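What follows is a group of structures, each given as structure tokens.
Below, subunit A partners subunit B and then partners subunit C, in two separate complexes.
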Partner chain A sequence: MDLVFLADTFVTLLGGVPLLLQLTAISVSVGAVLAVLLALMRLSGNPLLDYPARGYVFVFRGTPLLVQIFLIYYGLGQFPEIRQSVAWPFLRQPYWCAMLALTLNTTAYATEIIRGGILSVPFGQIEAARACGMSRLLIFRRIILPQGLRTALPAYGNEIILMTRATALASVITLMEVTGIASKLVSETFRAIEVFACAGAIYLIINFLISRAIALAERRLSPQLAAPPAAPEPAR
Partner chain B sequence: MKRLMTCAAGLLAAVVLAGSATAQTKDWSTIRIATEGAYKPWNFTDASGKLVGYELDLAADLCARIKAKCEISAQAFDGMIPGLNAGKFDAIMAGMNISPKRLEAINFSLPYGRTPSTWATTKDSALAKLPDADKVYSLVGGADLAAAEKAAADLKPLLKGKIIGVQTSTIQANFIEQYFKDVVEIRQYKTTEQHDLDLLAGRLDAVFASMSYLKGVTEENKEIVMAGPRFTGGILGAGVAVGLRKTDPELKEKFDAAVAAAIADGTVAKLSVKWFGFDITPKG
Partner chain C sequence: MGYFELMGFGPKGWGLLLAQATLMTIAVSVTAFAIGAVLGGLLAWARLAGGRGIGIAAETYVTVLRGIPDLLVIYLLYFGGSSVLTSVMRWLGNDGFVGVNAFAAGAIAVGIISAAYQSEVYRGAFGAVAKGEIEAARAVGMGRMLMFRRILAPQILRFAIPGLGNVWQLALKESALISVVGLTEILRQAQVGAGSTRQPFVFFITAALLYLLLSTVSGWGFNRAEAAAMRGVRRA
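Then we have the complex of A and B:
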């Protein structure tokens, strides 16, 4: 094993980490907000809201992300109407195409995760809140959302990790994130094993940190698991 | 964590074993050839999904001369050299040029084609009027190299801030990196067909590719035109040849003899006229 080469490769690949983190962070954050809205549409009981949300989830969960990226990047660019539209300054850039595809994709998965979380809140609590005279909005904000999100957190953590790995697909539309740089290095050195092992190690480290952060958040949001507060010193 | 390390070690061992298992001697009655299938007219996939092109015809001819059965499959261009060395196939015929960097990793037969590389852009682009159009500069060395480098330097101010598309892991990508890295934004694509799409979509100002490839593109699509000077030799390779493992010198001998014979009896010239419209036989 050529340790100098491995170290050099690792440092070069680290150059792609900021882009990887940007793609993940922005797509997951925007996706989370959209997913809460879509989950509410799914649960609204109003077919005019429910069915569009169902259709969205069906399409974006049922097609490969790679196909979505190709459709958005190469597909949309074929239409002169789109090339002349106000969206073109964004869609012209591979960065925003990748961001759009990742966001739309994660929104579909997160919608179902959040819907599951919301459904897990026991109905008795909602009844109790109603009995206390809370408005629907207040019940949602104080009772349903906090507990639903807490229940959804482990599954959501999974989704965030999937998204960090999904950013690798952005390399197919010329973005130089970790995998993009790795393929370029392989083409320059032809040393596929070392380069891709380094790239894999970077994804492992990032996802290790993310899974720790999610575990920490889970503990912080589970007061019932925390050690009971120390008993006060008995007064003399 | 410990279990993770064990897993990783196991995986690594499997990879190493898979690599070494291919190093047995062969009688070469069957030769597995990799091509790309997306590099017209060298090799491409026709409407029915069949691999066709200059290299497919030539491969059939060379294999007949070697008296071997050839299995040709389509592979991603950027994974070809690692794939060859890992034993996934025995030879590469994918419009791949002999270049000093590739020679560090693999061997090549005698070249069976050589064409310069040049720029292409859309017909309305300002770059369509790059100077020195159709002039060929050689990067082989000496006074020629100095003239070629001056020509490249003269292009720099005209290309400043432009976005140039190249196929990843090609000699063209190396050329742009070496001479234009500081003035242009380089975008690397998996296939040349993808950079053409982005050129037409207006995401790229120009592409830099082999003239043999661009000739076909410009004939098929009148929006795309070739522009500016052409470059050949040196970093841009000594010609397209069969890529072979360094550990298979006997296979190189077979291909060398077959290519030499195909050039001598005019097969290379005939096939290249059929596919390119001009003779690409390497001379000298």
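Then we have the complex of A and C:
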């Protein structure tokens, strides 16, 4: 095994990590905000709000992310109206297209996760808040959202990890994140196995760190679930 | 040319090509899912009944395959496989590049990812089988194989259907990534059409609709299967 080559490859591939983290962080955070809105639309009980949100989730979860990326990157340019609009300087760039596709995609999955979290808040809590005279907005902000998000956190952690994996698809529209750099290296060196294994190791490390961070956040947010402190030794 | 003429089965229509591509998507997804079922079953068995070493190995497999991008796995199998094959052929005295078959590489890649997810589904389903059933089977003197065949396998499959439905949808969507190594499935055919007619939006929307159709029809099929398998289970 050629350790020098592996080390060189690893360092070169690390150059793609900032872009990978950027794509993940921005799409996940914007997606989270949109997902809360869509989850509220789903739960509003108003069919005019519920059905569009349902349709959105159905379409974005039912089609492959790569199709969505191609639709935005290659597809939108078909229309002169879009090519002449103010959005074109952004939609022309693969970076913003990938960001948009990732955001819209994660929004759909996160909507269902957050909806599940909100539904898990016991009705008694909401009833009690109403009895105290809280307004709907205050109930949502103080009672429903904090508890709902806490329940949703483990599933949301999975979604964040799925998103770091999904950023690899941005390489297909020429973005040079880790997988993009890896493909370029392979076409230069023809050493596919070593290079792609190195890239895989980078994703594993990132996802390991993310899952540890989520576990830590879970423990912080749900101290009541932590193991009770060990009983002190009985006095002799 | 109107949309239906473009996507129709007439002399200038792309209908026939897209229909063939849809069959290819189904074929490659089903093959991948079947590979995943066999391998996933073995992995679940290794984690449930294997020794400590085997259990840890299976767990590592699942963690790794769920942590690295699916695109990377496809690249690794396709380009890595090609480079291995090329050097084997060179050793046998045949110079020149030998590529692996895109269908085989893609189906195996999506299959080994699917195996990681399926093993978790089977493991969960095993946990849902009542322990009394296993005790009763032992008590009447069934051998291990007979017990697996008559008692465990049918019930594990029954409880696994909803989870398997999700994993199938994943495999279906991941099959779109095989287009990057040149397999003519839905997305690849849409790219070809987009290139030659300069109507990328129309073709990618059609691809999205085909995926939605496949996922809806198969989702409906899984629901039917679940209803049929659960008809003997009493529920609260």
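Everything that follows uses one rule, which is that the second predicted complex is superposed on the first by the 225 of 236 C-alpha atoms of A that agree within 3 Å, B and C clash if a C-alpha of one lies under 4 Å from a C-alpha of the other, contacts with A are read in each partner's own complex, and residues count from 1 in each chain.
Heads up, the rule we're going with is that a contact is a pair of C-beta atoms (placed from the backbone, for glycine too) under 8 Å apart; a residue touches a chain by one contact, two chains touch by 3 or more.
Since this is a predicted model, take the numbers as computed values, not measurements.
**Q** Quick check on the superposition: with subunit A as the shared anchor, is it clash or fit for subunit B versus subunit C?
**A** With subunit A aligned, subunit B runs into subunit C, so clash.
**Q** Considering only the touch criterion stated at the top, classify A:V28 as touching first (subunit B), second (subunit C), both, or neither.
**A** Touch partners of A:V28: none, neither subunit B nor subunit C.
**Q** Scan A:G77 for contacts with subunit B and subunit C and give back first, second, both or neither.
**A** A:G77 contacts both subunit B and subunit C.
**Q** Can A:E188 be said to touch subunit B (first), subunit C (second), both, or neither?
**A** The first partner, subunit B, only.
**Q** In the superposed model, does subunit B or subunit C contact more residues of subunit A?
**A** So, of the two partners, C touches more residues of subunit A.
**Q** Pick one for A:N207: touches subunit B only (first), subunit C only (second), both, or neither.
**A** Only subunit C; A:N207 stays clear of subunit B.
**Q** Quick check for you: in the superposed arrangement, does A:R92 touch first (subunit B), second (subunit C), both or neither?
**A** first
**Q** Thinking of the overlay built on chain A, is A:L169 touched by subunit B (first), by subunit C (second), by both, or by neither?
**A** Once the two structures are laid over each other on A, A:L169 reaches subunit C alone.
**Q** Thinking of the overlay built on chain A, is A:T179 touched by subunit B (first), by subunit C (second), by both, or by neither?
**A** second
**Q** For the combined three-chain arrangement, which segment of subunit C clashes with subunit B: 26-34, 62-70, 80-88 or 224-232?
**A** With chain A aligned, subunit C clashes with subunit B through residues 80-88.
**Q** What residues on subunit A does subunit C touch that subunit B touches too?
**A** Residues 74, 77-78, 172, 183, 186, 190-193, 197 of subunit A touch both subunit B and subunit C.
**Q** Touching residues of subunit B toward subunit A in the complex: what are they?
**A** It comes out as residues 12, 15, 19, 78-79, 81-82, 85-86, 101-102, 104-106, 165, 168-169, 173, 187-190, 194, 197-198, 201-203.
**Q** Along subunit A, where are the residues that touch subunit B in the complex?
**A** The contact residues of subunit A facing subunit B are 74, 77-78, 83, 92-94, 172, 174, 176, 180, 183-184, 186-188, 190-193, 197.
**Q** What does subunit C use to touch subunit A in their complex?
**A** 63-64, 66-72, 75-76, 79-80, 82-84, 169, 173-177, 179-180, 187, 190-191, 194, 198-202, 204-205, 207-208, 211-212, 215-216
**Q** Which subunit A residues qualify as touching subunit C in the complex?
**A** 58-59, 62-68, 70-71, 74-79, 161, 165-169, 171-172, 179, 182-183, 186, 190-193, 196-197, 199-200, 203-204, 207-208
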